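By letter and in written order, the chains are A, B, C and D; residue numbering begins at 1 in each of them.
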Amino acid sequence: MQRTRRDILLFMGGGAAGAMLTPAPWRLVTDAAIWSENWPGIPRPARGEITARYTNCALCPAGCAVRARCVAGQPVSLAGVAGNPLSQGALCAFGLTGHQLPYHPQRLKQGTPEEAAAAVRGAMAKCGAGESVAVLDLAPGRAASWTYRRAMAAVANGVYLAPPPPLGGAAVNLAKARTVLSLGAPLLDGWGTPGNVHAARANFRLIQAEPWESRTAALADEWLPIRPGSEAALALALKDPKTAPSAAQATGLTEKQILDLANELTANGPALVLSADDLPEALALNHALGAWGQTLVARPEVPVPDAWKKAAPERVVASVPDNSIRVLFIDESVPGSHIPWGAIEKKLVRDNPVVVAFAWTLEGYGRHAQFTLPTAVYPELTSDIPPAIDSPAATFRISVSLVAPPAGMADPSAFIAKAAGIDAGNALQERADAIHKSGRGTLFTYADGKSTPLKDIKPDAFWKSLNEGATWLGGAEEPLTRRRGDAEEIPGELPSEAPRLRVSASDTFPLLVAFTTPTPATLSSPLMSKLYQDSDLRMAPNTAALHPDTARASGITGASRAVLETQYGRCAIGVIPDESVPPGMLEVAAGPEILDICGAFTRAKVVAA
Amino acid sequence: MLPWNYGFHWTAGTMIFMGAFYTVVVIVASTLVNAALRSRRALRTRQAERIRWAEDFHDLPARDRQCRHVLTGEFGYRECPNAFDCRQCETHAKLVASAAPDRISEPEEDIFGMAFPLDRVYHRGHTWVHSEPDGTVTVGLDDLGRRLLGEPDRVDLPQPGGRVSVNGTAWHAHKRNADVRILSPVDGEIVATGGPDAPWYLRIRPDRMDFRNLLGGHEIRPWVMREMERLQLALSAEGAAPTLADGGVPVQDIAAVYPQADWDAVCGEMFLEA
Amino acid sequence: MDREFITRGVKRCSGGKFLLWILPWVAMLIFGLYSAGLCLVKGLNQTNMDNRFAFGLWIFLDLTVIALGAGAFFTGFLLYILKMKELRAVINSAVVIGVVCYSGAMCALAVDVGQPLRFWFTFWYPNVHSMLTEVTFCITCYLTVLMIEYLPIVLKNRKLRDVPEFLVFEHELHKLIYVLAGVGTFLSFFHQGSLGGLYGVLRGRPFAFREGLAIWPSTFFLFILSAAAVGPSFVLLTTWLVEKISKKRLVRPEAMQMLGRISGLLLAVYVLLKTIDTLVWINRTSPGNGFPAAQYYAWHPFGTWILFTEIALLGMVPALILLTPKLRARTGWLVSAAAMACCGVALNRFVQTVQTLAVPTLSFDKFMTYTPSWQEVGTFLAVLAYGVLVYSFSFRYFQLFPDERELKLEVAQVEEEPALVGRY
Amino acid sequence: MIAANKPNKIARYGMSIDLDRCTGCGACMVACAVENNVPPAHEGATARKGITWIRVFKVDNGEEGPARRSVFVPVLCQQCGEDTPCVHVCPQQAVEVDPATGIVGQMPERCLGCRYCMAACPYHARFFNWWDPQWPAGMEKTLNPDVAPRMRGVVEKCNFCHGRWHAAKERAAAAGKSEIEAGAYVPACVESCPTGAIRFGDLKDAASEPAVAAKDAHSFRLLEKLGTEPKIYYHSKRDWVRQVAAAPKPPNGKENARG
């Protein structure tokens, strides 16, 4: 049979028509829909074995226990560890995003360690009498802190500087408190260990005396809206009812309110008074209320190896003479308290001081230092975390490296030890051994949620456990109780880097600054900036809210840019008028620029940009 | 959409919805296909010319679609139902049968100086048909048509051997901006072509000697009178002078007198073209 | 140079003048296409819409132009199904308006959706319970029908009909046009209704939610009515505008008045039903959902004035004007009333789309405001320019008003009359 | 109907949120974003363009000065159980209620991005991807493998951490059980809440915390009168707080400038 082109075409046409009657072409269209679902450029999450790894959060002194869900070893989400005696399974919003910090776009990746070392050597050689080499440790109490102290002891003119300890170094035992008076302390908003605070919350009555309705005030059993800057007057009047009339005038409360409050604090004890800044008046009131030994305790020291005892004493920045520091190391690899740069700067010698900052981002002191050496960041770094303020017991826990840090990261303690000519050794393990040697306390391991007496654990197993997620709890064998009326035991005038509350209202700086962000972390995960942008739950960093009348008085209308000015300097901020902020106050979300010029309760003024 | 697609449920809602949709699709598609099939058939049976005239006629103003018997006063008002093809018209047949035979007194009508010989019959598109002794007919433009086109710029004549049909295109003539299709008065085969310089344009062997659709005799005068009226109107619509230039007698080349007039519109009007 | 494409016997401006006329519109179109391109390439972040104002200017535009474009189906219905022969004078124009409105709305919709490449999902996985599915199906089908109805108008172009295939196809298609008119009426009935249903079914938005018949909320029927009422008005308005711009008579006054009368009649019925519906909503539907109706109008600037303007000022008043033969006979009144009716329906669509989203639902919600971005405005203008251009070209090259030539001769005759009388 | 296709047990997952415990810390929002691979906000994002499957609102009693009181209200998809407003409006079945769990699911891969469902939702719990999802270099390593990132131009919303439900289902199957045990499946926000204000469970299980909370006199649901039977129960002992469930009050002339 002769086949013509027409036959072939007919065959093809018929075949196509027949195919339309089968599900195949339709199936193809349906599948095309599935292909189009994978838009190019959308990352595909990596797959791998899913495991749980444990660590402790190093983003704030609370050091909450963390369970990391890992895919092929890479943490993809963090959660608390249920049953942890202190953090109680809770993590804050910042902690929940900790695993993203290593990938922060503003992460510092390169430094010049050799040049820095050479500059430090030169400056140390030049260091004359009356000048000093100093280490500023923002998170004192770590094994690394002891290395710094040892290093500074080994150096002539070595000084070890740290922020002043909150509450004069005392620990808070919230579990015992029945009434808590908070003078502006963000008790429910990042103070202490969130899990511990929330667990204890049901057992105490919370009275918040604060000028504006902060988160804590909103959740408190009672909120006393007082005038900005009148916390000290209130504390004084509560201790000494004779001053109640003047306190009533200062705070805007009635005398009766003050006296009732005083009665309640004594009647419904044990009481605890906390303040945003460490007000001496608040400490004195605690003392008067008999809080010592009850709600405020002196925590036993975490053991250290005997060989470490030859260490430089801990000093505050204010105690160093101005223009005396020739070489300054600043360790901000682990976030801690913040000291405005202005306060540090004036301590540096005038001619070519060498400042070496160890940081994972340039958002902190690195902006002012000659050398900023990049460090590992949580959860890359390995560091112990000092006991939290609300832990009456001594604790030891390690923030374990879950992710390998990138190459070229500096180790601050090795660097400083080398500069001082000492051997840093493996400080962390040495300290763990010293703790084990003390034989005290129990070890809480995260993976199984068990508590084991330390004496039942071998040293190697102890070290291994600490590295797999565990907390050593020292127990409270020797609680230092202080008797009522024992004046010598009250921490005296606390040295503070921040300008004090009692800086009276002045025409130059009419506004009182209050921070809203719980942790003055220099940078948080990009997801947190999402939280700032996507909701009005928190203000974005470097933003301030103020009463519209205050804004108007400063020549600001509507949401706009402005300049914040304090005695330390000025910086640009965003301003949001908000009627819920009382006049005379500035509610500030901290950011690096603001932290440079503000401590808590700084007086400031705002000028239209 | 199809039973094996995700989310297809055999529910009443789906049935009604998809049923309505497919019905609409089928109706619209079949309408299109129907129109296409009909067109193909029409093209194959060479009905394009018939359709063109049908449409043109349909688009003529009602006034221009008047029955020829209105011209002669037999009707007050009547629209032609047969698109000027009186061969099928029963009314026309009846009226012709009842009318008295034409008394031809003169060999030609002279209307406004134009000659309309009565030895021939006229189409309303201004062509005439003259029977020749050899059984063919000659077709040419009447005097008004000739003057409208004057000296045509170009004439496109069909090839001999081709066919023309009643009211279909006979030939094209161009004058200034006017592109005029001259309607054929007869069905038949083209034997020879003449032109504007010849006495006739086409010599046609007609299929039948049936010229009932054409005007003749006493109908000529009222028809031409009406045509002059229409010309007047068309000219004034084009913004031309309200009266004829020479006081009533159309000149040999009317177009030349109205240089500003849209000659295409005027000719379209006069040659019954949409 | 385009002389041979222009219908014989009608006067059109010179090519140069036409170029001057379309130039600004082309510029606007190019700017709009650039805006729309930005939205397509970079995503809808180019707009000022957001999660709370999920619909914006474009949906308002779509709803409004589709309501105004209803003249196409309704005129077709009256002419081909109810055999109102007078409307033959405007049917072509109405069809072009329909094509412009519907295709413009479709283009705007294609930019408006987040994943335009997935448009076929709606056809492939239709959720038959969604009003939007009904709208999508009907509008797509109806646009196809409109295109087919537009085809004869195009093919009838003087030059195109020289091609015998076009001529014959146009002729055969036109003979079947009544089928398409019928299908178009059916489709329009449903999608105009579904567009109303779109908002009426929103149980979660008590401002828009309405009770109704079976699966259709009352807005379903109100939208059909209002679209049918305003469609002829818009045809009337456009015709008048074209007459003014082209300085020609295109349609006999009787046809215009007929459009006005139909519009007025339907508008009156619509206003009556809308009033009843509003009263039921205020007193029953909305309070039943926990929302006292008064609170909707406490958010400035959307006070009760908007309700009054929509129903009384731009509904009842034009209806009364259009129903009064004396007023209707005067072009000024007729055109003003038609314009008011169009504005009234546009306002109704604005209320349905924008006010619904602006009014808060949660007690801690805020009143929402939204200003379109320049990209949104640009795309809006593109649709407008596109419409003007398509209509301008159609008017220039196609026979949109079959009576135009006759009217031209009539005008001449009126002027000529004394001369002719004197002559014969 | 084949019996095997029937879910073994029909659950109606729901949530109770104790507003007296919520501190507005935002942990739930962050944990949700981490769990569900929500990208960091684009720099152009605002409070109205971001993606927050759960969002905590600060709501006050409308008073000025010392009388002012605030409460934090986490709002997520309320998982409407009746006449679910978003389900029947979707033109292409991208929104569905899972008959086995009662969870309102959104399938971004089938979504056209018409945003009709967003207009339909009275709780504003639906979010549109206005931008292409983008993570800083390297951060894509931290993505949750159980949840596919969404492309630009589609709508997404809370699905009670569907990935977690699947994982729980698989774990239960691996353990030879046909049902997920109470507590074996909780969404990320529930797990992350430091104060335990958010509780989760099967409303059909009378012993579950949401079921108990649902019966509490101090419990309420948002916009209950709409009749959509949401499955998120809020709880507060404060009378004024329970007013947030009602329709908005007409404005008193002032605007909250922070929003």
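Simple rule for what comes next: contacts are C-beta pairs under 8 Å (C-beta built on N, C-alpha and C of every residue); 3 or more make two chains touch, one makes a residue touch a chain.
Given the structure is predicted, the values throughout are model-derived calculations rather than measurements.
Just to note, of A-C and C-D, the chains joined by more C-beta pairs in contact are C-D. Nearest to the global CA centroid, when each chain is reduced to the mean of its CA atoms, is chain D. Set against the C-alpha centre of chain B, every other chain centre is closer than that of A.
Centroids built from CA atoms put chain C at 62 Å from chain A.
Chain geometry summary: the mean Cα position of chain B and that of chain C are 39 Å apart.
Inter-chain spacing, taken between the CA centroids of chain A and chain D, is 30 Å. Within chain D, residues 46, 50, 57, 93, 110, 132, 151-152, 259 each touch two or more of the remaining chains.
In chain A, the residues that touch at least two other chains are 30, 33.
Counting partners per residue, chain B has 5-7 as the residues that reach two or more other chains. Those residues of chain D lying in contact with chain C across their complex are 42, 44, 46, 48-50, 57, 59, 73, 75, 83, 85-86, 88-93, 110-116, 118-124, 126-132, 151-155, 222-228, 243-251, 255-256, 259. Residues 43-45, 49-55, 112-115, 118-119, 121-122, 124-127, 129-133, 136, 198, 201-206, 288-292, 294-295, 298-300, 356-357, 360-367 of chain C are the ones touching chain D in the complex. By the touch rule above, chain A contacts chain C in their complex via residues 29-30, 33, 36. Across the interface of their complex, chain B is touched by residues 3-4, 8-11, 123-129, 133-134, 137, 141, 144-145, 148, 161, 164-165, 167-169, 171-173, 175-176, 179-180, 183, 186-187, 402, 405-406, 408-409, 411-413, 415-416, 419-420, 423 of chain C. Put simply, chain B touches chain C in their complex at residues 1, 5-7, 13-14, 16-18, 21, 24-25, 27-28, 31-32, 34-36, 38-39, 42-43, 47-48, 51-52, 54-55, 59, 61, 177, 179, 229, 232-234, 236-237, 242-243, 262, 264-265, 268-269, 273-274.
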